Each structure stands twice: as structure tokens, then as C-alpha cells.
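Common to both upcoming complexes is chain A, partnered first by chain B, then by chain C.
Now for the complex of A and B:
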């Protein structure tokens, strides 16, 4: 497990990584998938799709059986190691990223998790994932270290022109902290209480990041349909706090957060007559447009929150 | 003297007399409010053990009642009755009837893991909430919550195909939880979605709903998963003194 940062080492390692899009990026979050691939391509970073992947278990399977969730995530890592021959797997979805990290932690620390993974992998006919075989990273790590911040500056064409952005990281990227041993290590490492990787990248892209207190607040994503009234309240807190902080856009890095914000922005208007105008855009879409990619290239037209006119008015596209 | 923080006392435990004269002294009204003392006589000594036997409940015995979980809780900020610290206390004391008063809100935990991050004793309160929710349902105190229905719909698809298709999960869940699919906000969202959505993507999504995305060669994994879940559920039911057949 790498806990100390060696930037040159990471740059080499992240140049070509296994890519785990997950179910959401093939369904409702196609624009996140599209923009991630487009940005990677423009930066010369290579993605190899994990062969014949499966669902990581999201936030649901653990409630039926936690070890099955660990198995599901371990199978993805096993495929990336044994089928793709990669030692780094990148997941842009916070849920997938979190579950792969959690599986790594559980397999290394819980005897039962390890046993169940061994047992089911054997029955399913594939190699069981072994601890430490792969490093799981987020799309943020991939761009920040795989391409490098200094180099990114030269790739910005046009930029975000001082766009006021609230960076929203959500729950699964930082909590619980024990499954992210590489975070909170000082230096260039990510902070779990005040994450800043997205802020860093978008600042380079020319955004003006606002001081946003709800960076790691919860959008109620787990209950977006099963307890919609609660989710609407939680999302409204986030939308209103972003507007109060002066943000024009909330930048997202998770498909569940993103679709939750979009859906409950509409629901808050319909049910609570609370109107908010802040736009919801994936950070990869913002980054792509700052690099001169067209809004269509980064799938902006496929977002529910309509920002096509907005980016034109702002002179970003 | 007025009672401070009256909101913390249940209304049925407060009594105020409109007309009460004792020894010729008029003690009517608010200032003579009495608080009935509570008597708990139906301890369930097995409660902590039963919840510990369910996945997620394993570490409840570590709790030292600091309240970091409730203090950091997302749901508590919206609804003060949602109180993980208090429920853990009740479970460990075996105060089942007190716990049952809140049986309809415990499932509302949104799994944001703020409590789990804040807990100095690694109780994993988030998982304890899930275990408690399951205990309530397994014991027949509540019908399956929306949260459980969603977990079931989602997990069924994963076990069956290896992957999920979000449209199908949504439709299936709304049907099983008896909610109308075409609500005002949903129609509005759908309109906005198809307005800008590329035809190709829409076709892709439509295609996925009919021809479910699948992981190749999944059958063996599926059977092994089902077998494991059946074994685990049988062990859990036995620990709760229930019939092992579901």
C-alpha cells in the first residue's frame, strides 16, 4: 500500500490504468463516462476497460450481506489484475471507488471477508483477489498525478474564465476515513475533512472556487427514491448553501450525487416551491471545456440540468 | 416552577390540573405540572445479543455513549428524533418497548458514514442502524421499509445478472413500494432528460431496459452467492429464535 507520495512514480503508474466505469456510467451518467474518456484522450492518458466487470454492490448489497458486497468488488479488482494485467484501477464513480477501497480494507483486515471471497471466487471459477494486488484510484487522482498539475496548465485553452464553482465531493470519497489509508498524510495527500483535489484541478482550469462549507455533506443518495422527502431536504441544503456562497455551478464527481442534485432540484421546486438556479456539472465536463473540447464532446447536452445556454453566455464554450 | 425543556418529556407523562385545590390552596394551572415517573419492567435481556448476531451489529458492545454519532448525524439534523446514540443505549439496556417507539424511523439512516468516521470506539453506528432495521423487520415489528425493498430489488438484479440497469431498478422499486412512477417531478425530469439527450444514448438506455446488461459467465458466481446468502440468513434467523425457513 502506497501511503507516501512519489510524484514521478505515480505519473508513470497512472499513464495507463484499468478503467472501471460501473453501472451508473453506462446508464444515467453516460455524460460522466463520455467526459472522462474525452479528457483522458486529450491528455494522452490511456484507459483499458476492466474485462467483463460486474456491479460493485453500490450501497445496497451490503445491507443484504456485507461479505457478498466485498466479493463483488473483489471480483472487479481480480479481473483488472488477472485479465487486464494492470496494477492500478481507476473508478470515476464515488460508490465504485469507495467499495473497491473498502473491499481492499476488509480483505486485509477481516478474516471472514477473506474466507468468503476465497470460497465464492473458487466456486465462480476465477482467481481470488489477494490484498495489495492493485491500487484503486479516483478520476481526480488519475488526472492530478497521472498527467500532472504543471503540465495541465499548458493544456488549458480558453479556461473557465473565473466561473464561480462550489466543489461538491459527497460522502463516499472520504468516509469512513480508515478505508483510505493514503489520505490525511500531509503534503500532497487528500484531506478527508476538507478535500481539495477537485478545487486544485478546477483552479488550474480557471475557475474561481467559492468557500463551500458542504463539500462532504450527504445528498441522501442512498434513499433518493425510498425516502425522497428527506433527500429533497438534504439536496436543497446543498443547493442553497452553494448559492449563498456565490456559486454559479456545483462541480460533481459522483453519478449518484450528480443525479440526486439534478432530480431533487426539480423536486424541490415542484414540492416545496423552492427554486434554485445553480447548475450541476461534472468536474470532467468543466475540465474538458476549459481545455477547448466542445460541450457536446463532454456530453453537456445529456445532463438533466440544462447548462448549454449557460456555458455559451459565460463564453466558456 | 416552570419545567425547562418540556419538549424532552413525552406529553402523556405530563399532567396539569385545570382545577385543583389542595389544603385550600389553589394549585391549578401550568406551575403545578407533574411529571409521571417511568417504569420499565419488560427488559429483553437478549436484545443486544440478537442485534450483535446480525451483520453490522457486531461491535455495538464497544459503545461508551459519547454521542459523537448523533452529533455528526445527517438525519438527526433534519429530525431530532433520529438518535443513534439513544438507540444503542436502549439496545444495550434491553429496553425493547422504548426502542419500538421509534421503529418507523430507524430505517431512514442514509449511510453517509459521518458517525462511523466520528466514532472513537469503532462501533460502526451506520451498520448498527442497518442491523437494528433488519431486526425490527425479522421480528415482525415493522413491514419491510422502502429502504429494504430498494436493497432487495437492487441486489436481486446484481445477483441475477452481475450488473444493474438503473431504469429497471427504478421502475421495479416504484412498483414494489406502491409509489406512482409518473409523479410531477419525475415527468419534469424525464422531459428535461430527453430534450437534450442524444438519440443514440436514449436508444442505448431503452435497449438496456429490454436486454439487461449482463456479466458474461455469471451463472456460477450467482449460484455461489445465493448459496452463501441462504446459509448466512439461516444462521441469523436461528440466532433470533425464528424458523430457519424464510
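Now for the complex of A and C:
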């Protein structure tokens, strides 16, 4: 278990990690994948793709049978340990990150989960994941501790020039609290009620973080299929709250939140005639541009909404 | 207690022209009412208790019992209390107008979130509120073994 006092140890440990992009980063969130890899490379951090990875179980499988979701996530961790020989796996997607953490918790605390994982792993012909074999981290942990905040200051070139940013973490990065035992430990640990790792990194990159009270509020992802209008209203409220807080950009670290914000921003204009101008950009894209990487290098052109003109006007690119 | 639709409607229109302290109170009350709606829809009597001095926090905790996914609005309820405190403890503060705007949007989010969850619950549990819908499915039992299904 990571403690508060092992910054140097974490720096060594996170230098080279197994990378679990998950399905979103190969689909709707290709720009998140691209910018994560580009930032890692620029910082000298190494990513080793998890061999033969599979879906984490996402929302769909969990809804049918949570034990199968636990197994699917455990297989990813097992591959990272046994195939890649890594002891840290980094998942930039909040859904994947959450599910791997949940699987770790369930295998450690629920006999039934452990039995199901053992049984299906045997049927599938691979080693069953054992509790504590790997540490799951988010891209935010990876950059904050794998490279270091002091060192990051040295890497900032043009910077974000006081860009006003609302940092939006969504619901799965911190919930439920019991699957994130390393959080809420004071000191350098992340807070589940007021997360700040993204704020910290973007402040180093020259952003002015605004007070944003909806940073962990629901983006409406849950309602997208069953009630799209409700999703649009929830997203619109987040966008309007960010603008009311003075933000020019909403920084994201979750592909579901990100695509929801972008698509419902367009839908809000079409369906509700509500226009918002706040830009939605992945934190890795902002960080990369602050370090001097070109917008194309961080995949800005692949986002749904066009922020190219905006970043040029702001002198960020 | 206003209905979910009435509460949504309250936030669609112009906000009442009242003193900041009273408006902050309106937002807090709206937050309590949406949580009352949730509890009543789940056949529970909304508590009159307070947690940390606020009924809304006790209601949110009560609403989460048996449905951990409801904790996804814990921080929203706490943000509403936080803004209520900021406004009522120093209504003359230069940022009161901005704080009221934020309190309004936080309260609105709570209403949309809970209202949305009530609708989704009507369609079957989904996503963050996931429950095993098909554990009696014979095919599933064959796949993972009846003892695990």
C-alpha cells in the first residue's frame, strides 16, 4: 500500500508502468490516449501496453453481473503482472480506473469474488489475479508522482498564461470511497470530497483554477441512453456553472465525462437553444501544450469541439 | 413539499428577488425537498434529524441507505451547505452575488440528478446504480456455474 511518505519510492515505481488504455481511449477518446502518450514521452515516463487486454467490464457487464466485471478487471491486472511483469498499472479512464480498484477491493474482501475469479481464470487458462499483486493508478497520479511537481515546473515552456480553468473530475474518480484506501489520508493524498491533483498540475502549467463547486458532480453519463434530455440538462448545468465561475475551459480526466460534455454542449444548443462557449479539453492536452507540444501532437484536432482557434488566440499554441 | 417537476420549474425561471440570506435558504430548502421526494418514492419517511447542523445532510445519508450509488450526490449536498454558510455568515461580502449563483447551480444539479435517478429507476437500475438484473438467467448460470449466479 502506498503511504504518504514514499514520494521517492513512488517516483521510481511510476517511471515505467503498465498502460491500460481501455476501449474509450481507442475509440471516442483517441485524443486522450494520444496526449497521455505524448506527455509521458516528453517527461521521460515509460508506458508498456498491457498485453492482450480486455474490457474492464465497464457499466454494461457490471449491470448484468458484478462478479463477471470483477473477473474481467482482474484479468487485465493479471496480464499486467504475469505477461508484462509490472507492479503498477495506469488507467487514464475513470471507468477503467474505478473498476480495477473495485476488483482489487472485492478480491481482497469478498470470498465469492475471489472464488469466481479463480474459477473463470482457470477455465480461461491464465493465472488468477491475487490481491495486492499490482497497484492501480490514474494518469493524474502517474504524472504528479512519477515525474514530480517540482520537476514539472522545469518542463513548462509557453505555459497556460493564466487560462481560467474549471477542473472537472466526474463521479468515478473518487467514489465509492472504500475502494480508494489511499485517498483522504492527508498530506499529498487525494481528497474524495474536493479532489485537487488536476488543479495542482494545471496550476504548475500556468492555469488559473476557478472555484468550481460541481467538480465531482454527475455528468449525466448514466442517463445518456435512457433519458438523453436529462443528460443534456445535467451537462448544460455543468457548462453554465463553469462559465458562471469564470472558466474559459473545463479540464477533464475522464473520457465518458469529456465526450458527454462535448456532445451535450452541441445538443443543448440544438434542443434547448442554450449556447455555451466554454471549451472542453483533456488535462493531458493542456499540459502537453503548456510544455510546448503542438495541438496536433496532443490530438486537439480529434476532439469533437474545435478548440484550435481558441488556443491560438490565447497564445497557448 | 414541491414535486420534482415544480422544483425543476423553480430553477428554470427567474430567481426570486429576495435578500441573499432568504435566497440561500430557498436553495437549501429545494435541496431538502428533492431528497424528500426520493425518500417518499422509496417508501421511507423523510427524517427530521440533522447531521452537522443540517437536515439536508441527514436526508442525503438516509437516502443512501440501501442504495450506495445515491452517495454520488453527497458532495453536491455538502457544496450546497458550504455555499449556504458562506452566504448567511457574511451576506454583505463582495462575493455574495457570485456565491448565490453557485448555490443556485449546485441546487439545480442536485434536483436534476435526483430527478433523473428517479426516472431511471422507473426504467430499471442502470450504470452507477448497477444491480444484477439477470442473475436468475439460466444461460448465465451455465456459464459461471449456478453456485456463483
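We take it that the second predicted complex is superposed on the first by the 314 of 317 C-alpha atoms of A that agree within 3 Å, B and C clash if a C-alpha of one lies under 4 Å from a C-alpha of the other, contacts with A are read in each partner's own complex, and residues count from 1 in each chain.
As a convention for this text, contacts are C-beta pairs under 8 Å (C-beta built on N, C-alpha and C of every residue); 3 or more make two chains touch, one makes a residue touch a chain.
The structure presented is a predicted model; accordingly, all values stated were derived computationally and were not measured.
**Q** Here chain A is shared; do chain B and chain C fit on it together or clash?
**A** Clash: chain B and chain C overlap once superposed on chain A.
**Q** For the overlaid complexes, name the partner, chain B or chain C, with more touching residues on chain A.
**A** The partner making contact with more of chain A's residues is B.
**Q** Report for A:175: first if it touches chain B alone, second if chain C alone, otherwise both or neither.
**A** Both: A:175 reaches chain B and chain C.
**Q** Looking at the overlay, what does A:301 touch: chain B (first), chain C (second), both, or neither?
**A** first
**Q** Please indicate which partner A:82 is in contact with in the superposed arrangement: first for chain B, second for chain C, both, or neither.
**A** In the superposition, A:82 touches no partner, neither chain B nor chain C.
**Q** In the superposed arrangement, does A:26 touch chain B (first), chain C (second), both or neither?
**A** A:26 sits against chain B, while chain C stays out of touch.
**Q** First (chain B), second (chain C), both or neither: which does A:220 touch?
**A** Once the two structures are laid over each other on A, A:220 reaches both partners.
**Q** Where does A:120 make contact in the superposed view: on chain B (first), on chain C (second), on both, or on neither?
**A** It touches chain B and chain C both.
**Q** Should A:68 be classified as contacting the first partner (chain B), the second (chain C), both, or neither?
**A** both
**Q** Given the touch rule stated above, what does A:271 touch, chain B (first), chain C (second), both, or neither?
**A** first
**Q** Can A:55 be said to touch chain B (first), chain C (second), both, or neither?
**A** In the superposition, A:55 contacts chain B only.
**Q** Tell me which stretch of chain B runs into chain C once the two are superposed: 111-119, 165-173 or 183-191.
**A** The answer is stretch 111-119.
**Q** For chain A, what residues appear in both contact lists, the one with chain B and the one with chain C?
**A** Chain A residues touching both partners: 59, 62-68, 116, 119-120, 171-172, 175-176, 217-218, 220-223, 226-227, 230-231, 233-234.
**Q** Note which residues of chain B are touching chain A in the complex, please.
**A** 55-56, 74-75, 78, 108, 110-114, 116-117, 127, 130, 134, 145-152, 154-155, 158, 162-167, 170, 173-174, 177, 179, 184-185, 188-189, 192-193, 195-198, 201, 204-205, 208, 213, 215-218, 220-221, 223-225, 227-229, 232
**Q** In the complex of these two chains, what residues of chain A are touching chain B?
**A** Touching chain B from chain A are residues 23-24, 26-28, 30, 52-55, 57-68, 71-72, 75, 116, 119-120, 123-125, 171-172, 174-177, 192, 217-218, 220-223, 225-227, 230-231, 233-234, 262-263, 266-267, 269-271, 301-306, 308.
**Q** Quick check on the complex: what are the chain C residues that touch chain A?
**A** Chain C residues touching chain A: 68, 71-76, 78-79, 82-83, 98, 101-102, 105-106, 108-109, 112-113, 115-117, 119-120, 123, 125-135, 140, 144-145, 148-149.
**Q** For chain A, which residues count as touching chain C in their complex?
**A** Its residues touching chain C are 59, 62-68, 112, 115-116, 119-120, 171-172, 175-176, 193-194, 211, 213-214, 216-218, 220-223, 226-227, 230-231, 233-234, 237-238, 240-241, 244-245.
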